[in-house]
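In what follows, chain A forms one complex with chain B and a second complex with chain C.
After this line comes the complex of A and B, so read on.
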């Protein structure tokens, strides 16, 4: 376990990259403009790529450089590009009927982060410096889960929902870089490709939604109940 | 030898996909799918026999065929066969001749991913296989391209992708916990997770297990994560509904069973079983209440799936030989019975041109043969003897009454009665109520749509009267080997 021997420089690098990613999630949460979501998501992916690279460097896992490059390429460039295409095609610029105002969703998000911290703190048993990094990684992993689900709940544009799902995935990916850098390379690469297929499928479905259901807002997808 | 069987098992649906998409002939893709499915069924049973004496590990331990996986493969192959035969008759009614090759390509691809999920030995790859089943089946759900089916497909992919991402998080936490015992890099096999689980810090293990349970529970349709299920099952074409309900839910239950096996013997074992029982009984109760007040015919079947997945969860949660064997027997029986029910519902929907129960009257006059089969199937799925679901539910009940969860067993019985009355009341109305003035039904049964109903019904009756010793043997072996047996 390299985290057991982490020094303070490494700890602060990992922590700041992780915290910055969390902050970018709040940027998404606090904005109603779809473009901003995509930019924040792209920036977050680049941060995660930087995190992979730095973990690879300090912990001595050269294969993480591959992951870093692929993350930057796929999550940082290809996915945002695909999302921008969807947005351009849909001609929706902003979330119109969000259930919560940005301010209240920010407050709710902050509460969720606290809740995530409480859970993360319970899951830790290691002492000292490594514990800081571990608890932080767990907190951010869980809070990005919660924030992703919050976005899925309060936003109703199809693109926002795709982004909510991507935030869920980013949280896992971020945490796994710190906690389990030794995870087999194959799995990580397959998960990256999987994400690409997911977004492609979503793109096709969004087109179907426009053509066959006449709306991309989940608020109006209310034919099936009971 | 096992290797050859496996190659055939996976080559057949792949060939189906390739033929359908390459040749683009509707007739050819129909028959290719049926033949592929029959080959799979013919291979799956000897495969089960091959692994009775222990699992077979292949491909640098990335693949492992064990008894539990082989059992689920048999269940999936049965549904694949029945619904591909039914699809030939049903899909021709949709007037989508040009898109049929695409349909069959996706259909076989869907079967392929589900079968793959049963044999992967790597927990991460298992997750990916389950995720792929979602992506492929989304397009099958939305195949009819109406407003409702597109909406259902969208809800399906959003809810299930969100849920399944929790399972990924849980998987990674499991791996992290194991890395303290097995070193930072190890193969993420089921066995490795099980080896390390007893030494993992218990709160961490607990959170990981709950995440995985909720994740795969979403895919399996356990309440309260079942919200996508009634939409997706009711809006997809009938053969796809049967596949979703009879096969896909099994593949997801396999995930839950495997993780129960991972945490067996650890300090959270007892809690894990309680959590599964809790989700099971909650699904059962929710489904029972929705069944009583249901108005759509396929939504009725969909809620019945939630109910039966709840029963399987109860069996796994009660544990012990009776509980686990009962749950797995229930899996087989439910696969047969639910296919029968969806086929009947598909016939009725097409004939009367409505999805509403209130629009379907006088079924026996329209469908003397397949209508009778459908009615008998309804009696069976409500849990009445002499059909197979009665036997498996009774076994699960025995496991519950004798164990720690007597309260759950009592609730189970009470709501079983509610389901029985509620479900059969709808069928009484459809079969025996006075038919209002209505135009003569447009579609009548054909061999393609009646034959699979017979093929589902006969084994259901036989398995209800006689629990073959060979099957009992396999199921007890699974509960001893995989799930730790008696508690």
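After this line comes the complex of A and C, so read on.
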């Protein structure tokens, strides 16, 4: 396995990129403005693309360069552009009635990161330096998944829910880049196109909701039903 | 030919002394250029200082000796700090270990403390307001500064800025470690606050927004020149720390030859160009924060510093 003999420079670069992308998840969690979510998501995708490229460089997987370019292109440019279009059409600029205030959701997020660290620490069996990177990658992967779920549960705008889903997916992608860098290229491409379709479907759904229900907030939609 | 250590240390101080107005002039000029106006010449701060030194000094009747001595303390403090940090050479100089990073931080703060006292002493209303605001900012900014210094000393296992510079030069893994990157972010937030830049300090000095300018509103003539020069030097020193100890540790003379010194001055100016451009971008895109939102950029800086310490301990 490539991570078993990682040197200290590689460990630093991987952990910096991973930690910075976790930080951007917290930026998303701590902000009310939909536009900020999208910017943070785009920046996070660029960081993950840089991570793929650096793993590809250090571990000698040339196909990871292709994945890096595709990630930067799709997750870093196309998806944010589509989301921005949805937001522009919605005329909802910020999350007004989130279940939790940003500050308390940040605290909850921190607790979830600790939980992820405990789990990752239990799953680790490797020695020394590679253990740091493995535990860190697992922690960040799990905590980005948890934070994505948290965003899905406490926010009720449709766009924030898409973004929650995308963050969750980014977390898995980040973890897979570090932990199993030799994943076949085809699967990665399939995932990328899946995401594109998810966002396109959401765009259609949002448009439908705006026309027929007049709102995209899941809370108000609940009230209409019940 | 290798210059003697004493000469090198004097050169470091002289470099800060003579180039500090140039940095200020460059930032002001670039800001104006970005707003598509012409802006003052980058040598304007030198002319201002020259003008002020040739004017008469007026002292308010209510002022005591504190008022007269404060500019001299502030100016002297800024002359001491360049001895402690690698400005032109990263060879450990003989007097550079007379104070560690905490000592340097204390001397920097001593200068602003003297100005706060003088603002209160002058008896002017604005002086009082400025001092009160400056103290509030200091309360918010000092913990971050201390944590950043603690974080970098944990990273380098030493309290001397020269050692940090050597570590970052020699080990790429230390440079790219998350702890170091977080420290850079934290120090950048601090740099904006401490050098009177926008998220907190207003770029136009109107009485309601003034913080640092309000404290020295009563000063005139040579004393005002000393204060202005001291604040420019403080800016230069913080930029030097940011570049040579945190962000860009390259391009410093190691042997101490005259040519090497010249090269490091050029490299220093190039590095400052980059940092100043980043600062100017922040100043252009950011609007001034409300008084009760001052803690937000500083809290972000504090958070980064805490994260840096946590990650330097965990990873």
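Miscellaneous remarks
Keep this in mind: the second predicted complex is superposed on the first by the 222 of 226 C-alpha atoms of A that agree within 3 Å, B and C clash if a C-alpha of one lies under 4 Å from a C-alpha of the other, contacts with A are read in each partner's own complex, and residues count from 1 in each chain.
Throughout what follows, a contact is a pair of C-beta atoms (placed from the backbone, for glycine too) under 8 Å apart; a residue touches a chain by one contact, two chains touch by 3 or more.
Because the structure is predicted, anything quoted here is derived from the model rather than measured.
Number of chain A residues touched is higher for B, counting chain B against chain C. Contact with chain C, but none with chain B, is seen for A:132 once the two complexes are overlaid on the shared chain. By the touch criterion stated above, A:15 is placed in contact with chain C alone, chain B being left untouched.
Applying the stated contact rule after C-alpha superposition, one finds that A:62 touches neither chain B nor chain C.
Residue overlap on chain A between its contacts with chain B in one complex and with chain C in the other: absent. Within the complex formed with chain B, the chain A residues making contact are 1-2, 119, 122-123, 125, 141, 145, 148-149, 152, 158, 161, 164-165, 168-169, 171-172, 175-176, 179-184, 187, 190-191, 194, 197-198, 201-202, 204-205, 208-209, 211-214, 218, 221, 223-224, 226.
Contact residues of chain C toward chain A in the complex are 171-178, 181-182, 307, 311, 315. Residues of chain B touching chain A in their complex: 122, 124-125, 128, 131-132, 135, 138-139, 142, 145-155, 157-158, 161-162, 165-166, 168-169, 172-173, 175-176, 179-180, 183-188, 201, 203-204, 207, 230-231, 234-235, 290, 293-296, 299. Here chain A touches chain C in the complex through residues 7-9, 11-13, 15-16, 19-20, 23, 132, 136, going by the rule given at the top.
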